[in-house]
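Note that chain A is present in both complexes that follow, paired respectively with chain B and with chain C.
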Partner chain A sequence: MKDSARHLLMGAALVLLVVLAGCRTEHRFVKKVTFEKTNDIVITFAGPVDAAWAKNVDNYTVFEKEDPDILLAIKEITLTPDRTKVTLHFKNALNQSRAHTLMIKDIISEGKSQGAAVLTVKKLYLGYLFSILIGAMLIHNFVFTKYLGLCVFFGTSQKRTTAVGMGITFTIVIVFASMLSWFMYQFILKPIRLDYLQVVVFIGLVSLSVQAVDTILRKVNPALFKAFGVYLVLVIANCIILATPLILADKEYNAWESFMLSLGAGTGFLIALFLMSCVREKLELANVPPTYRGLPIAFIVAGLFALAFLGFSGMAIF
Partner chain B sequence: MAVTKKTNKQLVLDGLLSENPIFRLALSMCPAVGISSSVMNGILLGIAVLFVQVFSSCTISLLKDYIHPRIRIPTYTLVIATWVTVIDLVLAAYVPVAYKAMGIFVKLIVAFAIITMRLEVFACKNPVVPSFWDGVGMGTGFMFGMVTLGTVREFLGTGGLLGHDLIGTRPLLFFILPLAGFFCVGFIMAIFNYVEIVYKRMKRKRSIAQ
Partner chain C sequence: MDPVLVKMAFIGLGVLGCIGLVFGIGLALAAHKFAVKINPKVEEVLEILAGAQ
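What follows is the complex of A and B.
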């Protein structure tokens, strides 16, 4: 009871945070500033603004919050017919994962000045994290669109129970191992300039975390260990578990983003295994030509799944 | 300790055909599907794997008497990781464009089951010279598989080989899509199976006739 109340409270806090982050602007006349497409910023005003003022490029100054000396060049400005929405088109694509500062000179609306405004434009961070999770899980699924971890994928997708067991074990280990490698890379390898040793260090950390999960699970929950212990050995033979720390190091993700990506990679593998095992259980009963029995037909089924997952490509969330 | 009785030639041929890592043992499938879309990728990754396999086989067979059996798997992994780092840095320095095309796969050679398996099955029980030839066999077997796949896919997808246009049209553009690797591997495995079935049937007939 106490637990559920706490969860409810946390949920409410999260919703409040999202609402607050969505609507907050620092100026009374500016209602909303958002990113749009790849190189647009849209400003919504509370009332109609002067067209000549709005179309003047000199009235807007935009830069990334962290580098105030690099001003971003505006190519064109458009105004909606009701004169409340201004769209700034930029020459280059904006790095939307970073916060941008937008300074507007002396807003003029119906002949009256509304004062200058300094605004911050940023994406919803929770939304961004969520998009990393969904991206790793479906849009860039490691098995079907990056073709990693195939040995273990074909080896353990014969039965549904095996597939689920392997998937869950893998998710636990990959989150553990990726966070460990992320910490090691960001705080030890990079500061002392040993980043060329990443392969050696990451594979060592992966084996270490497999061993750690093995030991902890054996002591803490023997029943769970009985169910999932056999899959732990296989986890290390899966290239996804090494690919994820390498991708994290390459993209310089922070702790939350790393957590989301590794969670997405693990659950994505679980989804792929589950889908595949459902098909392969049915294939046992089908009349497959003898030359295609076993692995060849499994590869062709995986190819069909990959075609289906191609449909997710190019999808953008938030 | 079962020291091998095979000759060096036999070891290489085994790796190339009857124990081909991609089509027969079905190990290290990720690159076979992921980056076999051109012959060049196949050759380069093949060279990288050959290098890592040969050098780690030799290292392990030299050190085999000093490795405690209980820590042998971590030792193999560390040896492989060291050689992978070497080839990774070399490729990044001398062929940067092709290195970019291969992406993360060069670093992932560490996780290829085929290399660890050869160390466990062969190199830790045999002297240096057979281990060397076994490594050569497995490496070239892998390269052979990758090049076969690359040839099929590049020829059918772009109508050319190694970037040169051969027939002027693109017969089946589908094969250049990354995911066509799944279909290609499936079909080629089926062909290998078919050859095996026909070969066994002929052998049985011959033995009955005699």
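What follows is the complex of A and C.
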């Protein structure tokens, strides 16, 4: 009991350390530098700075860390009344997924110099990964906003248990297949300039991973195999599983980002299937006009879900 | 034909062929290693039954 409490405390301390290390900047007088909106950078100082110094555009040099020769033009600088927060407004929108370097000349506070500072501005990477996950799961849900994978979606959403089974099988297979395709694309197809064959290769890899999971699971875990049943083979017929590697190749994601996107695509499909099966189970009992019974009403319900998911569009996390 | 393009095409053919071969052999080995014995009588009985359901 005492041991576990100590472990918990140590874990908490570690998390705190990481968080604090993330907040620390490279200069003692600068508390925080963050991106804001689309083209602003906000610098928070530890004390009030000189207004005349702060408003001078020549005191700031900003560029993307990888392109130091392209300086970003500052349109205007604003200062809060307590003179501790400086906001740099840029002429063009910043590419916030890349790290920026901000150089400040000789900070002057209350008539005293605090020295120059070289700072790095970047988004929290974990937050970025999380935003990819949520984005693929809800904001750009593959079924409801991109209309992909519809045949499997309508085929297996009649009962809740089958829907959940299909969703979980699909999530496992899509993560496996996407990571395999990502590896193939980045390390084999791209170096020998065969990227125009990506569709063919990805189809092969998807069926390969489905076949491999099928063969291995049949022996290793027959109970799970029986639970998955026919859905495992049905996964091949789903176009989300082909769309995800194509998106990964197009956006040049790295391994973690690819993992998050494929996980989001899988869980998004699981959510869609679960929601749809809940409604369709209730629809069995409803008094639907004969012409609409079965698939037609299911399509209408899917359209309503798509409308509801449209409410997520344009949302930005972190 | 540009020899560079011809070379690229042949490299592509070779590499994709190799990948296909490797994965094919891999799957065959996996199928062999993880083979599940199915009672042949199951099929015989299914054959005799009417099969309406």
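As a working rule, the second predicted complex is superposed on the first by the 296 of 318 C-alpha atoms of A that agree within 3 Å, B and C clash if a C-alpha of one lies under 4 Å from a C-alpha of the other, contacts with A are read in each partner's own complex, and residues count from 1 in each chain.
Criterion: a contact is a pair of C-beta atoms (placed from the backbone, for glycine too) under 8 Å apart; a residue touches a chain by one contact, two chains touch by 3 or more.
None of these values were measured; they are calculated from a predicted model.
Of the two partner chains placed by superposition, A:260 touches none, neither chain B nor chain C. In the superposed model, A:54 makes contact with neither chain B nor chain C. Set side by side, chain B and chain C differ in how many residues of chain A they touch, and the one touching more is B. Of the two partner chains, chain B is the only one that A:149 touches; chain C does not reach it. When the shared chain is aligned, chain B and chain C each come close enough to touch A:197. Touch criterion met: A:246 reaches chain B, while chain C stays clear of it.
Using the contact criterion defined above for the overlaid structures, shared-chain residue A:272 touches neither chain B nor chain C, since it reaches no partner. Of the two partner chains, chain B is the only one that A:299 touches; chain C does not reach it. When the two structures are aligned on the shared chain, A:218 is found in touch with chain C, with no touch to chain B. Shared contact residues of chain A, touching chain B in one structure and chain C in the other: 197, 200, 204. Within the complex, the chain C residues that touch chain A are 8, 11-12, 15-16, 19-20, 23, 26-27, 30-31, 34-36. For chain B in complex with chain A, the touching residues are 26-30, 33-34, 74, 77-78, 81-82, 84-85, 88-89, 104, 107-108, 110-113, 116, 177-183, 185-187, 189-191, 193-194, 197. Of all residues in chain A, only 184, 188, 192-194, 197, 200-201, 204, 208, 211-212, 215-216, 218-220, 222 touch chain C in the complex they form. Interface residues of chain A, counted against chain B in their complex, comprise 144-151, 154, 196-200, 203-204, 207, 236-239, 241-243, 246-247, 290-293, 295-300, 302-303, 306-307, 310.
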